[in-house]
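In what comes next, subunit A is part of two complexes: it sits with subunit B in the first one and with subunit C in the second one.
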Partner chain A sequence: MSEKFDAIVVGAGVSGLAAAYVMATNGLNVAIIERGRKPGAKNVMGGVLYRKMMEEIIPEFWKEAPLERPIIEQNFWLLDHNSVVKTGYRGMEWADMPHNNYTVFRGKFDQWFAEKCVQAGALLINETAVKHCIVKDGRVIGVETDRPEGDLYADAVILADGVNSLLAKELGLHTEWRKDEVALAVMEVLKLSADKIEERFHLNRGMGATIELFGDGTDGMVGTAYVYTNQNHISIGCGALLSQMSERTTTPYELLERFKQHPMIKPLIEGAEPCEYYAHLIPEGGYRSVPPLVRDGVLVVGDAAQLVNGIHREGSNLAMTSGRFAAETVIRAKEANRFDRQTLSHYERLVRESFIMKDLKKYKTASKTLEDNPDYFHHYLPAVNDAMKEMFTVDGVSKSEKQKKIIKRFLRNKSVLGAARDGIKLLWAVK
Partner chain B sequence: MHLLVCIKQVPNTNEIKIDPKTNTLDRSGATSILNPYDAHAVEEAVRWKRALGGTVSVLTMGPPQAKEVIQKSVELGADRGYLLTDKAFAGSDTLATSYILSTAVQKIASSIPVDLVFCGKQAIDGDTAQVGPGIASRLNIPQLTYVERIIEIKPEQQTIKVQRHIDGGHEIVESKLPCLVTVEKEINELTYAPLPDMIRAVRYHPVVWSVSDLDADINAMGLKGSPTAVKKIFTPKQRAGGEIWKGKADELAKKLVPLLIGDVLSCRQ
Partner chain C sequence: MSTQTKADIEEKLYLNHYTVDTQSHLSIKEQSVCAACQRKICLTICPAKVYEIRDGETSISYEGCLECGACRITCPHSNIEWTLPRGGFGIQYRLA
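Now for the complex of A and B:
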């Protein structure tokens, strides 16, 4: 039998790397198996990386990690065909170290993170895919890779293999995700000089901004579109529930092209050169879709466990924190030399008691509420745009008359009660 | 048998762009890989090692991260790797590079005699195909270039028989060992490395030599030892697309023939 490890981590995304780093720095013998040419080669993210959760794994990482721009301004836009209502926040406290969050390129970031794991003593094996978990007497005891003589054994296996997680599925932890449990996201990286970025987004040197858009960016489908500033690039993308996307004849690529041509977006990206294009799934099932997180000898982390807060486009932070919790659990299990489900359920408890499950629980009906009530995107969002236009257009009509007109349009075909109910439902879902 | 393969880390040329304004290579974003021809050279050496017994060593010159291509070779089954890295080597052209590598081959051979040196046909970042032959002539051993098949190696008789790719055909040649071969991609199919070799590769640390480890003349290396100068880099003009005619074959032929004849006549003039 080949060498046995304390733990095998499948997938070198942020969740897997977080787990590997924490275990390796605590002296465990860890192997990371990644199917891509290098970590990050297959990882897609917009991407805003949150400082707090990364710092809990590598203190002061911002001093050496490859980061693009610290974010000092976050915007939310309600986008209609030809107009937009903007809100947002800019705070100079975010300009000071340590920053709140950063844009990153996962290709670079994951490679750096993986290098830290290797320095901590983890063994990183690239270009190797795990095909199955090796199960003996109901216990996961290792993995079978696609390489000759490819079996590898460990006390614990951490599945960090991303949204599709064929491995967790094979173990029966979840079934195929339903189409309303995942969003299909497409994104492009556009090259634009730092000067132009800073000019167009009104940024001080080196600082960054994000825009999250609801409405026309996804052609009215439940989802979001976004524009993020990197050092010399713009990340732009949009994503919508697969259930809605698959009903359309437009391809995801066309959706993104349409978004890029939008009159509110076009000036921001004028002259920027496309460099890369990605498409990827994002787990959006939320609270109700989270599968059992442990079995005898195995733990599931990150996207593989549906740990994404879609409403707040948070995924990487939940991934990292879940990876850390899994690692802490395996370290404990190693001390007790017990890797059964009961011992590993410590991980489930940590996840449940943390912001991860609390946030997912809070937003558990958000996506569904939006999907079941197309009026939010098709009626109310344009109506908000109309209301702003009405109030700001000076045309001799009195303001109170304007207000009456706005309310009437808001309520079109609806009773006051019906509209109030819609409002409360939405508030309840995303409050 | 001691089989020694010279390898090079190159930027993945599929990912390199030429800036149309400045005519310079934009290597940003390009990843580094083991020169594809060299991968086949390592594979071939490993196959013969398995058939005849012996050791496969690999040798590369480059920056410290060129260690990656040695590890890649270990994945493919190489046993040992030597990395030549020193500021004094930087900027070496093919003349200086083949000089430095040949001194390293001699040093390696002084502890375990080398029977066969392998190189890739050429490196995809320069396409010169000069370094292999350069090493052979400095070592004063026969060179067999563009090898697409090694037919046999007879260790007792110290001979090798290969099939070379030549313009319009093949050539079968025999040579005495030691000699140097440069290989085409057609020579073999890369095998998917077994997991234990992957693990060994990740853990492998090559022997690292700097200029002081070699018996070499410092004036014959680096920029000083490199007479080659790049005058200009440019993107060739795109050729205009051809015309496509649709219709009946005989009618099209009638239209085409006069044109072809016209072209031939104008060429003759």
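Now for the complex of A and C:
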């Protein structure tokens, strides 16, 4: 099958499929290579897909795509051992079109998205792993697959091969990720009836909610735990920096079990049946870990390029937008019939000037600040819980006494100056 | 690690669908490096409990691998040869 394509996309995740769809609808001859038995078979996502960025690729996709629930409520919980401080937002404007975001199952969504690519003219090659990029005179000219006589050639190769991206590594675009540049997340999908989900999460029929939890859900490690509502399933997971998991010899599935048993979580999932178990690395390196995005004949998109905003649990939207930018760049390159690094650097410019790099830049020190200052999760988060308990417990102690107690609790083993410094550091990290 | 935990992870992996290859996509580069390794972090970090010590050697139950890559990055000696399963093999997720 030594055929020549305009572009080869490695990996049928949302970044690769976005790239393939945009190129195919613009008349390019595109091949998508997927190592799973079908698109989505290797893909893991907590579950939230953002409407706006998907709509920029397929307008009104929500009319036909397999979606679980539109999210009308997003929660942030500060979880301590035996208590929780809850914040969140529910907006009924999110219940109407256009929705803000949806929970999706990537196993179903990616298959649908890939079908759209095929309808647009792309060739989907499943069950095929790419072993290497074929490089000639320093320029990527195709890929070597594990099929017999499986070399494929193209003017441009788009690497959408996910967080591990052995191909980008082999090309020298990045070295191995450090342990603090990725989070290890484990997750389960649990079956629970729509009625029970709506009752337990106080939802109108068909609507969804998300909960992100800081603190005890990850045993105080830098990361988040989460609970998302699907149509007839709950997605529940937790993830923390691989550096911290490894330092503390955490066993990921024990962390997940512990979270499922937490008194604040257990009632939400009572009686729900486990259906599938997942593990995945999430790029967390942010701005400083983004590798060079192009080289002669090749572009890197999505997780493979570390394009994830961990602070806002956004990834699929950055992935699909980067895929679209890469596609637009290849379309432009084809018009000029030039696929060298300089021509393809248009893609880097698009990424830099968009929300993708701007958001990553904004939070460039956030993850490191949290990792270097364990007190945020170990001292202040429990202190916030204690403060709420103090103020809500009516026990005859005067409010000003309680206030003094709370301040003392916040300053335990700390100077006023030290606490102020911690506050400023945190603000600085997310400014 | 308790036997209870071992049972738990097997129960979880049993939920999943795999197309199992006859050969492993994971291997240990040098068993002697593992033998000298104090931390053996692969034993605990792997979410599928792929790695175990048997008869003094690191053994690999690649069949349950979730292909996350954590072991490769975590191994302090870069002693794990981590490749992708052949096309069509390995974990095949159905839902999320």
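Everything that follows uses one rule, which is that the second predicted complex is superposed on the first by the 427 of 431 C-alpha atoms of A that agree within 3 Å, B and C clash if a C-alpha of one lies under 4 Å from a C-alpha of the other, contacts with A are read in each partner's own complex, and residues count from 1 in each chain.
Keep this in mind: contacts are C-beta pairs under 8 Å (C-beta built on N, C-alpha and C of every residue); 3 or more make two chains touch, one makes a residue touch a chain.
Bear in mind the structure is a predicted one, so any value in this text is a computation, not a measurement.
Participant: Do subunit B and subunit C fit side by side on subunit A after the overlay, or clash?
Facilitator: On the superposed model, which is not a single observed complex, subunit B and subunit C fit side by side.
Participant: On subunit A, which partner's contacts cover more residues, subunit B's or subunit C's?
Facilitator: Residues of subunit A touched, subunit B against subunit C: more for C.
Participant: State whether A:E401 touches subunit B only (first), subunit C only (second), both chains, or neither.
Facilitator: Touch status of A:E401: no partner.
Participant: A:E199 contacts which: subunit B (first), subunit C (second), both, neither?
Facilitator: A:E199 contacts neither subunit B nor subunit C.
Participant: Who does A:R37 touch here: subunit B (first), subunit C (second), both, or neither?
Facilitator: After superposition on chain A, A:R37 lies in contact with both partners, subunit B and subunit C.
Participant: Return first, second, both or neither, reflecting whether A:D372 touches subunit B, subunit C, both chains, or no partner chain.
Facilitator: In the superposition, A:D372 touches no partner, neither subunit B nor subunit C.
Participant: In the superposed arrangement, does A:T128 touch subunit B (first), subunit C (second), both or neither?
Facilitator: both
Participant: Please work out whether A:E170 is in contact with subunit B alone, subunit C alone, both, or neither, and reply first, second, both or neither.
Facilitator: neither
Participant: Which partner does A:R147 contact after superposing on A: first (subunit B), second (subunit C), both, neither?
Facilitator: Both subunit B and subunit C are touched by A:R147.
Participant: How far apart, in whole Å, are the nearest Cα atoms of subunit B and subunit C in the superposition?
Facilitator: 7
Participant: Could you tell me which stretches of subunit A are touched by subunit B in one complex and by subunit C in the other?
Facilitator: Shared contact residues on subunit A: 37-38, 127-128, 145-147, 275.
Participant: Of all residues in subunit A, which touch subunit B in the complex?
Facilitator: 2-3, 31, 37-38, 123-125, 127-128, 145-152, 275
Participant: In their complex, what parts of subunit B are in touch with subunit A?
Facilitator: Residues of subunit B touching subunit A: 29, 31, 192-196, 198-199, 202-203.
Participant: Mind pulling up the subunit C residues that touch subunit A in the complex?
Facilitator: So the residues of subunit C in touch with subunit A come to 1, 5, 8-9, 12-13, 15-16, 19, 39, 41, 44-45, 47-49, 66-70, 72-74, 78, 83-88, 90-96.
Participant: Taking the complex as given, what residues does subunit A use to touch subunit C?
Facilitator: 35-38, 40-47, 105-108, 126-129, 145-147, 163-164, 166, 176-179, 182, 184, 186-189, 233, 235, 242, 245-246, 249-254, 257, 274-281
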